[in-house]
């Protein structure tokens, strides 16, 4: 029987890491959320549920986040899947390289800059003007949930494309031939083989996008104007502008709890749904 | 000779994609940068170099970005490599899984929330207080470049760990044995085999972190206070607060140009340095 | 020929038939004017090195590839352009290509469930049970693919194809992933299975031993062309040319030219000056005095002896050679020999002969002889 | 024994020597009391199925694993605990393990460049040129690994190890990744190389044909133990037990018990009632009347004939059997036969015998016989 000590010692840095990276920040947020706002902002230690009682004031931000985040995730999936499929299955190597570069290169310029450009494209001088010239007057895009959704799809598409691409790429093409050989038409082969085997990629992509959307504030701020606020915006407002750390922490703590619940339910569903041994990659 | 048309047709969606995703936003930014600020903010068409002439006013932001981004990238690399190495080479499967989860799980809560917690940890009530209790008085962390650097390492570590981990993970362990068998000590084996073969991962990680740092504004805003501004902050300021789109676009355009130059030089160096056929993954 | 294949008589219709089939990929020709047919219940192997067109031919039978030119028939029906999922053939893939997201019984039932109308649940259950019994995997229904060994996966792949009762079962190097001992077992199992189910088998392989030991007929291919089709015995004893003689078993080749064509044998003068009497592997009239030929002598046809008197009387050649190397191969011993004029050549000596006398040693001089029937004049390449 | 190994005489010191070596991983025993030595210039193979401990033994020679118990000696020097990079042995890895970031010449020079003092550039250049000539890869200096074929990579791996002039070259299934035809060629090349450079070779393989054809001695392993060490001929003709007889070549086994032990032979009554005269594969005195034994008869030792008169006089058994299956294997034909009392058994008939008379057909009744020397009584497992 070998001693368990060396292994435990190896786990020590990992434990410290977990504490500093996850537990400590969350603990700070949790402690703050029971405190009070100082006279000049910031935080004053206390134990009160006042901040939580105040949550309904930010109801719209919660509502927007919890409707547009799933919707945006789904929309990104719908747009990303055909692209990833084309990349992984249909494209010849040269086209594939070009396409991959095209998807990656936009990443090289900050999302900030690229999203600003959308303000113009969706704004009065952009698409609505083109539509007006075509006879469709009075279409408003900027500062609507639609604009936010477009921004989300735009910004998160590569994050969705890549995991799906990877799972489709490593899909053994002979499985598709085997399915056809056994009498399955290409459409049924897609449903019976391709789709189930790309589930890990779909699950990873959706989770990644959804989690990041829960903290999103850039896109709603830029493309939603003052009209479509997310919780991310509420946090920026509370911490940076009004410096109400206690209330901000209560919002953040609530968000984390909501997210952990959603993610764990989702994980359970995915685990049961795919029923795969080890293909469940987390990133 | 087969017709080239089908292939060209296949490239059409890709070309549209590239236009919408990359060229159009950059074109908008470029056009804007030659325009003027409207009376109530926004953009008025014009052709003037006034915005570019004004760039030196944001010199500090450029300087901070172009010093702290490479520094942060390097610091993240130094911290990430041993961790990735331990994960890929030394850890047994169980420890590895635990560690991977520990690195990923923090990602599940928005970077916004986690970074806020660092305000407290680095602030007057956090580490400096602990140090003061230990006799080291007057240490200031929050709102210094050091705080920004710590925030960068914290936020970008997983982005650096993963590509390196992947390249070390797929490194054939027998190559290490072959090197030892041929008379190379473990240390020299690391230098002769492990390091060169993990170069693609290092290159990918560094590029990823560097590019994202060029657009970073959260960490400088939160941990740098008003003192350590990045270009990202300048952009947020110009577009959201002062609504000077023309000047903001000039700053953005300059940043993109600087970045493209840096990245292309870097790519050339890396390509020459690693001299590898196909291991250069971009994400 | 074409018309006969297109309008075949009822009973002896070939199951598969290729008529003038070409397959081009751009400028590359993967199959060149293929003409052959497979009879019902036959076990045919397509044998050749990689890139010889054997896999392309198989894929054209399966419907994954379509011929650029020529006709492919299944049971007398032209199937050019018919996609794989509409053809009554099934394939066992090289690395099995089992569905990792389905358990064994769902893998096996896959083909049945694609039928319309879809068979009843009980019928499918019954068929799965039958086929699992056939491949000796009873009780494996709920297992996952990765829980099976290579040999078991191989059997599931067979079961998944056989359950559809295909007109032809196509096998694409089905044993390549198994180790030697297991491969030998599976070869015997496959052969028995084919006899039991009576389904026509077409096997693609680059392993000559596999092709020779399992098939009724072997089709040897090179560069997209058929070189020779025949029974294993035919190919071994009457190889059409040097390529076949070299690919099917080992052989010693001696170059020379035809000196005289006689009634039933041919005198060949070898380049070293020796003249030997040989028999032709192809039609007699292909050979003319003066034409360059190769003479093939199988190593096991060589008779070795310490004493010249032990050699049989009726040999076409008798010589003395030095043993350069001896390799012990179990049932027989392989000697690398060297003769002044003939150069280096191989001889195989069965162990039976060595039980009575001791094996020859390296550097020993031995007497070598072989008969006329053992020296084959080969046709043009 | 241990002391003799620890203080060896000068000239005939074994290059490698294991003395009571055990290797445990937790509760798993990977090597169990191994005692053997390898003589200078010898070609030794460790043969066995996966998990038999052959690779563990090799890794203990290389220094990647250290024995849990017992002594490992290299040229008489105890090397327990000495790491791999300080041992004067080199290894050819199963999948070559060539460095993908270095070109061929840097791969080959790797070992020389690790020496201190580091040899001069010219010396390294010279040695690379020499070794590339040895493995017939002149002009490949600047190539990259992925530009080479499997056989060429194999030769680079050999060159990279040989350039260091190791005391022993360890080969870990070096030919497993090559296809059959190429493997056969590389076997001959390896054998020639070993004779030319005079370096001691230790080869690990699960391929009995490879081990038999290449090695001076073969060490057969099972479950971490050595079952038998001997020359290929020894193992084939005098297998210690059923495991060895079955692993080295094919054999027919008949179970029975010893009826009577005579001066030079043993009468065994088989379970079917037949009594045959046999010779023992191990020492005579291991067998006693009444003890259960297996009798092994090699398929090629069986004599088949249509006419009983063709059978030799001095046979210990003569019977009639039905041909169940015939497999044509090139140099010989394999028959699966069935006799009422003995059951099913295999016979190999060389093609030589069939040139004069036609091969036997399935269902035909043939006469079968074999001599006393062909029936081996095996020792205990």
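The first chain written gets the first letter, and so on, giving A, B, C and D; residue counts start at 1 in each chain.
Following the convention adopted for this analysis, a contact is a pair of C-beta atoms (placed from the backbone, for glycine too) under 8 Å apart; a residue touches a chain by one contact, two chains touch by 3 or more.
Just so we're clear, the structure is a prediction, and the values are computed from it rather than from any experiment.
J.: Spell out the chains that contact chain B while also contacting chain C.
T.: In this structure, the chains that contact chain C and also chain B are A, D.
J.: Provide the C-alpha centroid distance between chain A and chain D, rounded to the nearest whole angstrom.
T.: That gives a centre separation of 59 Å.
J.: Mind checking the centre-to-centre distance between chain B and chain D? Centres are C-alpha means, answer in whole Å.
T.: Whole-Å distance between the two chain centres: 57.
J.: Indicate the whole-number Å distance between the mean C-alpha point of chain C and the mean C-alpha point of chain D.
T.: The separation of the two C-alpha centroids amounts to 28 Å.
J.: Could you state the distance in Å from the CA-based centre of chain A to that of chain B?
T.: Each chain's C-alpha centroid was found; their separation is 19 Å.
J.: By residue number and range, which residues of chain A touch two or more other chains?
T.: Residues of chain A touching two or more partner chains: there are none.
J.: Quick one: do these chains touch in a line, a ring, a star, all-to-all (complete), or other?
T.: ring
J.: Which two-chain combinations touch?
T.: Result of the pairwise touch check is A-B, A-C, B-D, C-D.
J.: Using the touch definition up top, name the residues of chain C that touch chain A in the complex.
T.: Touching chain A from chain C are residues 62-64, 83-86, 89-91, 93-95, 97-101, 110-111, 114-115, 144, 146, 160-161, 164.
J.: Inside the complex, what are the residues of chain A that reach chain C?
T.: Its residues touching chain C are 172, 174-175, 177-186, 188-189, 192-193, 196-197, 274-277.
J.: Taking the complex as given, what residues does chain B use to touch chain A?
T.: 7, 10-11, 14, 17-18, 21-22, 24-26, 28-29, 32, 43, 91-92, 95, 98-114, 116-118, 120-121, 154, 162, 211-212, 214-215, 217, 221-222, 232, 235-236, 239-240, 245, 248-249, 252, 255-256, 259-260, 263, 282-283
J.: Spell out the part of chain D that touches chain C in their complex, as residue ranges.
T.: Residue list for chain D touching chain C: 179-180, 191, 206-209, 212-214, 232-233, 236, 248-250, 298-301, 303, 325, 327-332, 334, 348, 350-352, 355, 359, 371, 373-374.
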